[in-house]
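Consider the two complexes below, in which chain A is the common component and chain B and chain C are the respective partners.
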Partner chain A sequence: MISDGLRILRYAAASGFADFRTIYTVRTWITGWLFRVLCQVSFFALIGRLIDSPEYTEYLLIGNAVMIAAMESLFVVASTSWERWTGSVPLLIAAPASLALVLCGRSVQWLASGTASATLALFLLSPLFGVDLRLPMALVVIPLIALVGLSTYCFGLILGGLVLRADSLRNVVGNLTMLSLMAISGAQVPVSVWPDWLQALSAVLPVHHGLAAIRGVLSAEMGFTEVLMHVGMEAIVGTASLGVAILGFKRFAESGRRSGAIEFGS
Partner chain B sequence: MIRLALAMARFQIAAMRRSPHDLMALVNAPLFTVIFLAIVRYTGRDDLTGYAVLAPAMITVFAMALLASGEIIANDRTDGRLELLVASPSPVAVVVLSRIAMITLVSLVSVAECWLVARVLFGKAVAVPHPWLFVGTLAAIGLAMAGTASAMAGLFVLTRSARTFQNSLSYPFYILGGVLVPPALLPEWLRPLTQVVFLSWGTDLLRDSLSEAPVQRVLPRIAAVIVLGGTGFLLGAWLIHRVLLKVRNDGTVSHA
Partner chain C sequence: MTESSPLAVAVADLTRTFVRSRSRLPGRLKRRPPESRTALDAITLTVPSGEVHGLLGPNGAGKTTLCKILSTVLIPTSGIAKVFGHDVVVSTTRVRPLVGVVLGGERGLYTRLTARQNLMYWSALYRQPTSEGAERTAKLLERLGLEERADERVETFSRGMKQRLHLARGLVGNPRLLILDEPTVGLDPAAARDFRGLVRQLRAEGRTILLTTHDMTEAEELCDRVTLIDSGKLLGTEDPRTIGEWLSAWERVTAEGVPAELIDRIRKVEGVAGVEIDSEGRITVETAGDGTSAAVLSLLVDGGVTSLSTSRPSLEEVYLHLIGSRGLNVG
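Then we have the complex of A and B:
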């Protein structure tokens, strides 16, 4: 049973990576996508120069580099609804395999690309902005960046399940989520500057805890237990999101079967 | 000709109302404003409030030029409208430019949108001590952006590789256009490049129009925006002409 599930996930992921290869070659990923990512992180890090604060430049550079992993993982919102265009949703629902399992594995290419581009942005731009990441200790943050990407990916799956019913909103939902996370997760300003209710919301959303752990490791000012606590919280947010997403996909399949409107998204 | 342009503008409004994707930048604008104003408030740099309000507006204007205007011809081709357009007696360039002009006009609504976010959510009313300069510069930026958008609309059809890089154009342009950080604060090796980006002249002028101090060298700076934008228009008209020649010659009006 478990091996069947893993096999389905593997095939779904292979399909996602095949999609990715039709969008990018290695050359266009580097000259197109990675270049844009470096410019995006630089754009925000330059605000530190406008403010004339090297400390704040470092804060923005780290926050926005990590946000890249979240941003790319959120492409799952749009790519989940691509199944509508290809007409594969009715086939997936008719198949004996779980729709949720397929859709969970179908967009992992964004998670891989997001982790790679965020990591490269962090390590390539830091010297340019005079930020000392204290290598090799800083390499510890790479799995943490992947964790932020993974928890955001799981959260994006919830939204992907919702936009399967409203395909035209796929990009709007993905973008609004990304900008909201960028605003309240601690990427641009400390979470403490927001009202209590926004802080509480941020704490149950992805990025917040993972980014706090990454900042803690890079500054070497956070104890191991505290880092571990943030990592655990980020993992819990991701796991809970995955559970909700799976329930959402199941509901989508059931309601589609009942109403016979799987093909048309209403 | 004017009737055609007005009809196309009305068509574009109707099309945008049915396409959330085209209006996405206007939905994003308030969140960008919140992010930039939060930074200004956190760092105690209230003097940069005007920067934080102008930046998301300029991001919106460019994003709509890139995503909505830039895709006009490509979408017409995909949806099968280009065939009808090429067969009709109406000049295609007028049709495309009228629609781009309407998108640019709608994108300028973001200036009021961002101002309102600052006023309502942060209690900051950005004053405009040089209102005529502000309006004149916005008009020049609008014209130049429409010119740039027409060039992109042609380019995205002529070369498939350009479409691959479409999403990559935004942030490099925001940096070189001095959208938030003035070109003077960029690394020295980048500054010459900003001189050929019309937006860098435009955003500098807009920021100056928010300051009480007298603004220096207004005419040459506005002229720079218009000349660089006009170059975009000429390039756009030429590229649209090339697109039509190519799809007619290749027999690929209705498919890529």
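Then we have the complex of A and C:
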């Protein structure tokens, strides 16, 4: 059963990576995408330079680099509805395996690309902005960046399930979520500046805890157990999101069976 | 196979209505009551295991709706549908492994993956072990003549190749019931002929096939029995030979340059249902009886008319005849 599921995820991921390869080659990924990412992170880090604060420069650099992983993972919101365009949804519903499994796997290309570009942004730009990440200890943050990407991916799957029903919203929803996460999860300003309710909201969304753990590791000022707690919280947010997303996909399939809204063939 | 029901498909009083999505008019304008449309109207149908059953009907008859219900993609409004004894609404986990579904058209394939990757993907979705999946994939690719292009991306395939890959996809889970919804639409005649050859092979393997079509020749050629459907209602189930008889009985003869006196004589031939004359003086003779078109043809030839041809009646014309002449055991 589990190995069946993994195999389906692997094929779904292969179809996602095949989509990805039609968008980027290695070269255009570097000259196009990565360049854009470096510019974006540098833009925010420059604000710290502008006000002549090395601490804030470091804060912004780390926050915005990690945010890249979340930003790319959120492309899952749009690409979930690409599955509808291929016309495979009714065939997937007719198949014994779950549609949810395919939808969970078909966008992981963003997760991979996001983790890579966030990591590169962090390690390439730090020296330019005079930020000492204290290598090699800093390499520990790479899996943490992947974790932030993964939990955001799972959260994006929930939104992807909603957007499946309202295809025209697919880009708006992803972008608005991205901007909100950027604002409230501690990337630009400490979470503590926000009102309590917004802090509470941020704490159940992805990025917040993962980013806190990454900052803790890089500053070497946070105790091991505290880091571990943040990591655990990020993992819980991701797992819970995944659960909700799977329920959402199942409901999409069931409501489609009832309404007849699942198009069949061309 | 554990329990085996002799009936591959058993449908009783099956109805499906669609409610039109709410109109997008501003709320200020009168809200209309939701419009509902009956795609299937209390149909009852059985298909025994091993049969190739045709569902023949014009566009909008409800064929695809029935295919969707039987493949668990759509829930009926009322009535019961069972596949090998399992209810398609509640026992989806039992039904899905038994059914393969192939749609007309090109969509539903992962065009950026290769043919082989597509089949391996779907074999995983049909829970085939990897080694078995690889073996079935290789066999199906060979059988459907896709071997040489097996490792090329599907987006480079012709329509006929995509359609064959769809059939392979439908077969990769080794289904006992194969549902083919207008599988030859859009194929060129040669590809359609190959496709029919494949259906015959599948029948020989003992698979049950439900095939929808609006092509009477196709239904006559491929099916063991044919059910006629129109506007969501079944008009009856027939032997394909009967359809062949209708096709020849209601043959049409067209001719040009026929003298008026000869037209009058044709009108009097027994079995001629009507003669239409168009603005260019071309006549179309509708016949309703075996041998009538032959009689009309010989009259025309004897009268020196050289520009003539015969054609098979369209499905709509046959339906008109049938409903008019009550030649159908409606039920």
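Simple rule for what comes next: the second predicted complex is superposed on the first by the 263 of 266 C-alpha atoms of A that agree within 3 Å, B and C clash if a C-alpha of one lies under 4 Å from a C-alpha of the other, contacts with A are read in each partner's own complex, and residues count from 1 in each chain.
The working rule: a contact is a pair of C-beta atoms (placed from the backbone, for glycine too) under 8 Å apart; a residue touches a chain by one contact, two chains touch by 3 or more.
What you are looking at is a predicted structure, and each value in this text was computed from that prediction instead of being measured.
Novice: Given the superposition on chain A, are chain B and chain C in a clash or a fit?
Specialist: Result for chain B and chain C: fit.
Novice: Considering only touches as defined above, state whether A:T28 meets chain B (first), chain C (second), both or neither.
Specialist: A:T28 sits against chain B, while chain C stays out of touch.
Novice: Considering only the touch criterion stated at the top, classify A:A94 as touching first (chain B), second (chain C), both, or neither.
Specialist: second
Novice: Examine A:L176 and indicate which partner it touches, taking first as chain B and second as chain C; both and neither are also allowed.
Specialist: first
Novice: Quick one: is A:S42 in contact with chain B, with chain C, with both, or with neither? Answer first, second, both or neither.
Specialist: First partner only.
Novice: By the touch definition at the top of the document, which applies to A:T225: first (chain B), second (chain C), both, or neither?
Specialist: Neither chain B nor chain C is touched by A:T225.
Novice: After the superposition on chain A, what is the angle at the C-alpha centre of chain A formed with the C-alpha centres of chain B and chain C, rounded to the nearest 10 degrees?
Specialist: The three centres form an angle at chain A of 90 degrees.
Novice: After overlaying the two complexes, what is the shortest C-alpha distance between chain B and chain C, in Å?
Specialist: When the complexes share the chain A frame, the smallest chain B-chain C C-alpha distance is 12 Å.
Novice: Would you tell me which residues of chain A are touching chain C in their complex?
Specialist: Spelled out, the residues of chain A in touch with chain C are 4, 7-8, 11-12, 14-15, 18-19, 21-22, 86-88, 90-97, 102, 257-258, 260, 262, 264-266.
Novice: Help me check something: in the complex, which residues belonging to chain A touch chain B?
Specialist: 23-24, 28, 31-33, 35-36, 39-40, 42-43, 46-47, 49-51, 53, 56, 168-169, 171-172, 175-176, 179-180, 182-183, 188-190, 193-194
Novice: What residues on chain B touch chain A, complex-wise?
Specialist: Against chain A, the touching part of chain B is residues 19-21, 24, 27-28, 31-32, 34-35, 38-39, 41-43, 45, 48, 51, 161, 164-165, 167-172, 174-175, 179-182, 185-186.
Novice: In the complex, go through chain C and note every residue touching chain A.
Specialist: 16, 18, 64, 67-68, 71-75, 93, 96-97, 99, 101, 103-113, 117, 120-122, 124-127, 130, 169, 173, 181
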